[in-house]
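Before anything else, here is the set of structures, which you'll find just below.
Two complexes follow with subunit A in common, the first pairing it with subunit B and the second with subunit C.
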Partner chain A sequence: MMETHVSRYGKILLAVLVAGILISIPWVTSNYFVMMSIRVMYFGMLTMSLSLLAGELGLVSLMQAAFFGIAGYFVAILQSRYGLPFPIPPLVGITVAIIAAGLFGLLVIRARGIYFLMLTLVLGQLVWALASQWASVTKGDTGIHGVYAPVIFGISTEKSKTAFYFFQLIVFAGIAYFLTALKRSPFGLMLRGVRDSETRMAMLGYPVALLCYSAFVFAALVAAVGGVFFAYFTGLINPHSVSLTANVETLLAAILGGINALSGAILGTGILKTLDVVLSGVTKRYMLFMGIMFLFVIMFAPHGIVGTIRKHWDALVGPAADWFGFRRERALAAFLSGQGSSSQSRKRKEGEEEKED
Partner chain B sequence: MAKRKMGLMLVAVLFLAVGMFGTAHAVSEIRIGHIGPTTGWATIFGQGVLDGIKLALAERDYKFQGVPIKLMSEDTKADVEVMRTKLDSLKNRDKVHLIIGPSLGHEGMAAVDWGARNLDAPMLIGYSAPEDITMRKAAFSVVRPGWTGSQVIFHFGKYCAKELGYKKVIIVGQDYSYPWDQAAGFVRGFLENGGEKVERIWHPVEAVDFSSIMAKLMGMAKEYDAVLNNSGGAQVVGFFKQWYQFGLDKVYPQILGQANVPIVPMLSELGDLALGVYSSLHYYDGNPSQANVKFRESFKKAYGHYPDVIAVQGYDAVHVAFKAMEAINGKVDDSKAFIEALRKVRMSADESPRGPFYFDKYANPVQNIYIKKVVKRDGRLMNIAVKTYKEVSQFGPYANMAEKYMAAPATTRSYPPGDRDSYFKEIEKHFGKDYVENLKKNKGWVD
Partner chain C sequence: MPLIVTFSFLNGLTLAALLFIMASGLTLSFGLMRVVNLTHGAFYMAGGFVGLSVLKFSGSWVIALLAGGFVMAALALVEERFLLRRARGNDLIETLISLSVAIIVGDLVLVIWGGYPKTIAIPGALMGVTRIPVIGLMYPLFRIFMLGLAIVLIVGLWLFLKKTNLGITIRAGVDNFEMVSALGINVRRVFTFVFGLSGFLAGLGGVMGGTFMMLVVGEDWRILALTLIVIIIGGMGSLGGAIIGALITGLIYSFAMAFIPQFSLFVLFLPVAIVLSVRPQGLFGKEA
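Our next item is the complex of A and B:
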């Protein structure tokens, strides 16, 4: 009884703390930090879209950047070339990305494992080739410039980085909430069921193909939203954003953070995109450092950073709990992860990989 | 008590007065940020500019009138999103007074777009050559002490038509915007000065096998007079080698080259295959001027190899910056004054390895264009100038019709058209009947 009360209170406290930190960033930190946070958010959405498919369904997609880019290109073209007002460009961009996912989804949905990976790689390259060669529309390798962020409720998100940050933070929080809800819902359970044993799910009568298809479309939606913010913030888009490199970097960020947790996607993106910019200012051999880092992660922490922390949660929290004088460290673990009674937390220990944020 | 208070007041006022009318050098440190691709496939274009910058700064001991200069270099990895981020960090985190860069075409277009949103950040474009950076998309804070793809090749077209007597030329090049610009400039110069036709053949940027193209060129040899190789990097080496392998040197005269073909690093790769190649640029390494000799020798001493036009860009950019700083007495904090001073800089033949230049109203140089030929002197391959055209602007022969030029469609892979009749229809439409009549009367451009 006491644990349930404590855990709900704990969850609210944690939420308020996180929200407080996120909201105060523009005033407490520098313009530079705000810019980096914005970057992490739009790339983070791309990574979350890959993590959704890889973590929930066990399907690794090398084409999420294609949906990111399709939305970005539409925003760029409609806003800079035709001057259409907000919110038409992003709505059209996201819709087209969803339609594209609907079409591509039909092609990839029966594939599994390495075949899914290869099919998505090829389709991603197709989109890249289109972006690079349909020069009359996409301006080819030069890309499109002159995209300006929208004016919302009279505030220009182009002129004020703080305004842009909040605009994006609200949408980002919405997407994160949507994905968390999806993961905790019966739909999420069904997806994980397909991941664990597809034949069993089919035997039980679940529509496996439909499940995979809808997850694929949802993931594309998330990536597309990221692409919209990319185009608005950087003011440009070019084929590099839908290239194989972009897709591989997304995969690396997802693995680094841990594909089974949304926070993993965000953490991985944060580390990768920050090191990208900061390390290269310190040494020319930054690629070497990043390569070694990945090697370590894959060899010693294949569940990613967040995955590894979760796995060793009790080992980490136990001693701390004793030190703080809590008689039952399980209560503390339950408090912080917001799970309920001690029997539930025991089950939680067994089913480590099944849990989300 | 009152006296004391008065005393304090007096001291305070004096402090304030001295503070307000400070020394001329209110700046304690001048920060310059270089941005360009210093890793990856385009390293030569970023590192080259950086080497030139460092050489110029070392000549002045990294000081301007006693104030120390700090140089920061950021790598774009040839990725435009990373470049945008680093431009922001150079401006907001490092608070640089001047940005020098970038090097690549698509980087340059994105940089001028950023410059239009950050008009208080002076930027000297490094090597980027797309003309729109200082034409249709020009921004107040962006100055380019460099060149445009078309600017350096207009007169090469004229030279090929008039001096070399060619009537029909084939251009084989990499299919992206920079070679398109070079082809366009050549087409204009060639067709307006007696040429009849220019055929453009495009291949993928990373192509390695030119056998089908060589076969095609062989078939066209009866009708066409010469071939221009419009590529850069590894593609040039492949093209030259296969040219000789397929025996095309027997049916055509020497290869003509775009700007990136006979650059110094390429000459060492091509060896004698490059002998006799004609090209054009705003700089030639064989220039015997004192400024160029000094530049080349000190570069060789510092880095162990001879420089080329890429390093000249960095070197000249620093000199331009210094002249501007002298004009504003070192007050680099006043970005508007600094930018205005940059736009007014004039360099003489003794001050720049390329020759004299000054900026036009869109902040691109008006400079000499040299028609170059590769020869061997003292056992070493180098470019010498066979003809010099003075004071050529980015608009080339259209300098007094700049608005009309910019209103005409931008260059694409097939615009302007390569055959004389369609081409003349186009220029009549955009430049007027009078211009066409004058061309016919003078049989081309008046020197």
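Our next item is the complex of A and C:
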């Protein structure tokens, strides 16, 4: 994230600023903006889950929405059909999503690059087919309606959007913090090691398969938490949530924002969901627009917004950051701390692939 | 044998024929270029709709079939020449570009032909049912014709790849790409040709599939998923694998449609899982 490039003092300032903005949203903005923020947060968790795999490990997955949807479906079914009380449906839903990821993970984890993409696409489509065809359980294409958000500490998060917002914000912040910590941990470094040179990591004695497998299962957990909030907030779940469209949208959000940064995942989701709302008022051609945008981002800006900002950080905001007490760091220092600029590592990887071919 | 089993078997064979036509193009272009062309399903659907319109205009099913094929071949050539070629060498980016083109084509089909399911009318000469000689069963004539057409295509492709110079070049390119280009063959042109051929086959498949099944938005992804399953089972880049994979996929899908319709697509998870855990490169695939 951005913190790489700023000092400790700047970091604290930034954290306080972001926390202040997030906490004040329900009071200073409209109800509509709060609802938008809630949407961005749960879809943001889905995007972060993809970002974790694609950015850290170099595995582009087209089935993260399946885990999002599995958790959402279980919450909807357990609550609306069996009337189970609050903590049970989400816990079961997330557990089932993790088990599913454990099963699918065994099949896909040996694959790399386009093979991984293709396998996850197929498995994601099979989950979609199940959601769409198994009508006696999933109610087919109409989906399950009437999912109510829980009552927590006597406050109904169904009635009060502000309460829902804070409930989700706490979980979201926890996950975002944990993912940031994970990226900096030895585990995160090992993942990037696998991304940059798998053979080297294997030769150094790291359990490459286990690393990939645990990252895959962990990413599914993040997506599943997003799915729980999605089902609670929208009150319904249908096959669209696990469709290929949903998966492609997630991928677009992650790449648009910047695949190597969690902040990019959230930024990309925010932009895409805003566009979704703006465009749906004007035209029905959202998919066309999305496809064209996807094409342009892939061809001309594969590092996304955050990646581009990082690349030009010094020139862009250096002087201003100096003024506000942020310290400019030299690219070398950033690189030594294990968070080298994304473009560099990407280039190295491309070079290596060419050699291997 | 109960009637439903016989019919499921025959339907499975017909579907396998269609899936082979789809998978052969995809597996060839993958073998040569290391690109999983995710536009393939969209070409299928768009080809079917082009065939539908051409049939309305010309009244001839054969012209519609060829039109669907050639329009999609042209579209594939444009995609290869102006988009994929720019990202050559980075197979992940190429595959993602093909995914975005699939979304664009899919939505354009919705704009042009609308969202209602449509079917291409079966040509007059092939309408009705006929008795299959040995088992003495009544079966739609058109499906038998489709099976025959697929066999003709299989033989044609096989002869093309085994006997013609271009076919031999393609096979050599699949096996050892660098050696072929070192021999002074313009591999770029071969790439473009195979991509066009693959688009042609997808368009052809679209018109055929649109005649014995339905054409509807969303069909592109269903067919793409089935085609990818064929390739995963059979092994990527292998034409023989595509035949076996298409038979396995078509038969399982068809029997599942008859007996457990709720899981007709999901049940394909089983062969995929078994193949991936026993032989990750597919039944006829080479070790990666």
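By definition in this document, the second predicted complex is superposed on the first by the 292 of 357 C-alpha atoms of A that agree within 3 Å, B and C clash if a C-alpha of one lies under 4 Å from a C-alpha of the other, contacts with A are read in each partner's own complex, and residues count from 1 in each chain.
FYI, contacts are C-beta pairs under 8 Å (C-beta built on N, C-alpha and C of every residue); 3 or more make two chains touch, one makes a residue touch a chain.
Note that this is a predicted model, so its numbers are computed, not measured.
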Partner chain in contact with A:Leu210 - subunit B first, subunit C second, else both or neither: neither
First, second, both or neither for A:Leu13, with subunit B first and subunit C second: neither
Partner chain(s) touched by A:Phe294 [first = subunit B, second = subunit C, both, neither]: second
Greater subunit A contact set [subunit C / subunit B]: C
Subunit B versus subunit C as contact partner of A:Leu126, first or second or both or neither: second
Partner chain in contact with A:Ala202 - subunit B first, subunit C second, else both or neither: neither
Touching partner for A:Ala111 - first (subunit B), second (subunit C), both, neither: second
Touching partner for A:Asn238 - first (subunit B), second (subunit C), both, neither: first
Subunit B versus subunit C as contact partner of A:Val277, first or second or both or neither: first
Common interface residues of subunit A - those touching subunit B in one complex and subunit C in the other: 135, 287
In the complex, subunit C residues that touch subunit A: 34-36, 38, 83, 86-87, 89-93, 95-97, 99-104, 106-108, 110-111, 221-222, 225, 228-229, 232, 261-266, 268-269, 272-273, 276-277, 280, 288
Subunit A - residues contacting subunit C, complex: 60, 106-108, 110-111, 113-115, 117-119, 121-123, 125-127, 129-130, 133-136, 244-245, 248, 251, 285, 287-288, 290-292, 294-295, 298-299, 302, 350, 353-354, 357
In the complex, subunit B residues that touch subunit A: 38-39, 72, 74-75, 77, 79-82, 84-86, 88-89, 92-93, 105-106, 109-110, 113-114, 117, 130, 137, 176-177, 205, 412-413
For the subunit A and subunit B complex, residues of the former touching the latter: 30-32, 35-36, 39, 135, 140-143, 145-146, 158, 230, 234-236, 238, 240-241, 276-277, 280-281, 284, 287
